[in-house]
């Protein structure tokens, strides 16, 4: 009873807090200074049509590196926590997969993969980028696992892809210091013609590596949580 | 004229989504709720395409593509869990 | 009613979702329910952040035929909150997976998902 | 902009939305799960399909993505409703009283797993 | 105008779904409702002119966040009996 | 038979790539060729589902006829189900019946089952070899042959020309 009252008081307190915070918020009518700068000169400085990509990859590239690292750490801790467990593959009685799902997954998985690659190669032109593309590729892996639940996905392959793409991401960032203005600067390659697929300098290449890394990390989380993973 | 008809279409779709919400709240078993979820995702896909038309940006269709390609995964995952196949 | 605009509506939705998430975290006894509450809380914060970055009657910060480069500053919304939320969503998935792995470990220890059974540190 | 072709497209979209509404109505009215799948998912799939055709007529320069969207819907939706119906029959969701025949029941290959769905709360 | 209407309806929908997700005793229903919340949140992001965020939310919320919950439930059920 | 599977998957992927990019420019097509070939090599090594597919012109013609038949059935049966939903007394007569198909190819069976599922009124509940269990909203006949004639035959007679 005391606890319920406490929770109620806490929630009312939060409502009050938010009301005070947002009481005079009536919506923006123009951009602030930073966003205005990005909007005006982003396409000249970075060459990306998608300004969100410009912010994620170059203006705040270091943040992105940190976030990819957090994701890597959480994937590593998940695999570490579930490593000791012994699993017995043989005594699982699963309901057989429907033949339709099996056939459909064989067509849809390559389509999902090529769509994911489209999303992260075109990250500088259309919505999308490494994070979305990685999630879509991991969803393709989920579809494989749904059609064949007993299938083993090689952890070694996933970790190799992850290490190589992570290393390349950092190396490209360092190359930005050496050959251009700073860490993760994209002007190593020429900016190209605005709005075409080969433009915005290094952004598509960086996003390919980010996409592969995020996809490998999410896949590693999924395969670690999967029931029958006997080689850790 | 075209926009007015499309507005009416969007309002009818919203009504349909609210109707499926009734089934979602009431639906006796988890499987019934899953059917409601499926209908909701399909209807909201049409809604996203309409929003893209109202904003006249072709790039919004990309979101609908992700929705259309991946939203069936959720239904399949829950079904496979219910029938002990995961 | 006349000052009801899109970003106000979404802001209210976000705050209410956040409060529902906190309510779930505080009142539920089941560990997995608490994780669900945390996920709702996360979504609420993301909605709040995106709606703060919205600018009235403007469109997405992507330049193409619809938005020319020279008039970008008058036509687009703030890209910075979107960039922050974009990565935060993916990290939210990682955090959820981490929490669920801990839930699994706790279940192996006590064979229970009830929060009241985990009272080893209570004094 | 009020060309005749555009109005035809808008009317197609409107009829698609009416099909979606009928599907939702069927979802509410039908007595058991299989009939709900019949009325709900199928009608809303056709409704979405018609809406997309209407939008394709209104804005023909978006042809590629809209056609791809239609193909995706036509492949993925029947698969998901088939898997759902299969799972529902397996876990023993009751059929309506009006049901005439069930030829599938006798021949369904069942494992000896007991149905634990009803007490699924783990507490 | 129509955007505002859609936002109001979708917002109410999200809140009802969230309450169902917390309040329902069945865990499976809770997880489905949480997935529905994230799918509808992506429509809100689209209305707020953030297609990148909407795409991320749709990609994550459709399959990945659901499957990690169900894998964990599966493991718990297996150790149970 | 492997090369046929590779080509079919490659064609599907390149069509998806062009449609999703919504343009025919040179750069996009070159990148699409490389990516499609790569993914088709990756997945096409043990792919057996396109073995029975025919690449002849008649098969192509029948594909179009099939699509036409399918669309007409789709709209006709949708109107039928809409009528049932709107009638206050809800005139349904549901049941699960058993039907047979002569198709041997997995791909053909999937297309058949998806077509049956997409036409409202019929829903494929399970598929086991050449037996299809179908939930039917208005059962007229429980006999296998009659049910097969009523549901499966109209799609099957065109699909046989494309597969097998």
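Letters A, B, C, D, E and F mark the chains in the order given here, with residues in each chain numbered from 1 onward.
Heads up, the rule we're going with is that a residue touches a chain if its C-beta (ideal position, glycine included) is under 8 Å from a C-beta of that chain, and two chains touch if they have at least 3 such contacts.
Computed from a predicted structure; not experimentally measured.
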Path length in the contact graph (chain A to chain E, fewest steps): 1
Computing the C-alpha centre of each chain, which chain sits at the greatest distance from chain A? F
Report which interface contains more C-beta contacts, comparing A-F against A-B. A-F
Per the centroid of Cα atoms for each chain, what is the distance between chain E and chain F, given in Å? 31
Return the distance between the CA-based centres of chain B and chain C, expressed in whole Å. 21
State, to the nearest whole Å, the distance from the C-alpha centre of chain A to the C-alpha centre of chain C. 16
Any chance you could list the residues of chain C touching two or more other chains? 5-7, 23, 27, 30, 32, 53-54, 59-62, 64, 76-77, 82-83, 86, 89-90, 93, 97, 100-101, 104, 108, 113
List, in ascending order, every residue of chain D touching at least 2 other chains. 25, 37, 45, 62, 65, 68, 75-77, 79, 81-83, 86, 90, 111, 113, 117, 120-122
Would you mind listing the residues of chain A that make contact with two or more other chains? 50, 52, 93, 95-96, 98, 100-101, 104, 107-108, 111, 115, 119, 126-129, 131-132, 135-136, 139, 142-143, 218, 221, 225, 227
Residue numbers on chain A that touch chain F, as the complex places them: 98-100, 102-104, 106-107, 109-111, 113-115, 117-118, 121-122, 196-198
Note: in the complex, chain A contacts chain D through residues 93, 95-96, 98, 100-101, 104, 107-108
Which part of chain E faces chain B closely enough to touch in the complex? 2-3, 5-6, 9, 13, 16-17, 20, 26, 28-29, 31-33, 35-36, 39-40, 42-43, 46-47, 49, 51, 54-55, 58-59, 62-63, 66-67, 70-71, 73-74
Footprint of chain C on chain A - complex, ascending: 4, 7, 10-11, 14-15, 18, 22, 25-32, 34-36, 38-40, 42-43, 49-52, 54-56, 60, 63-64, 67, 70-71, 74-75, 77-78, 81-82, 85, 125-127, 129, 131, 134-135, 194-195, 214, 217-218, 221, 225
Touching residues (chain side chain C, partner chain B) in the complex: 59-60, 62, 64, 66
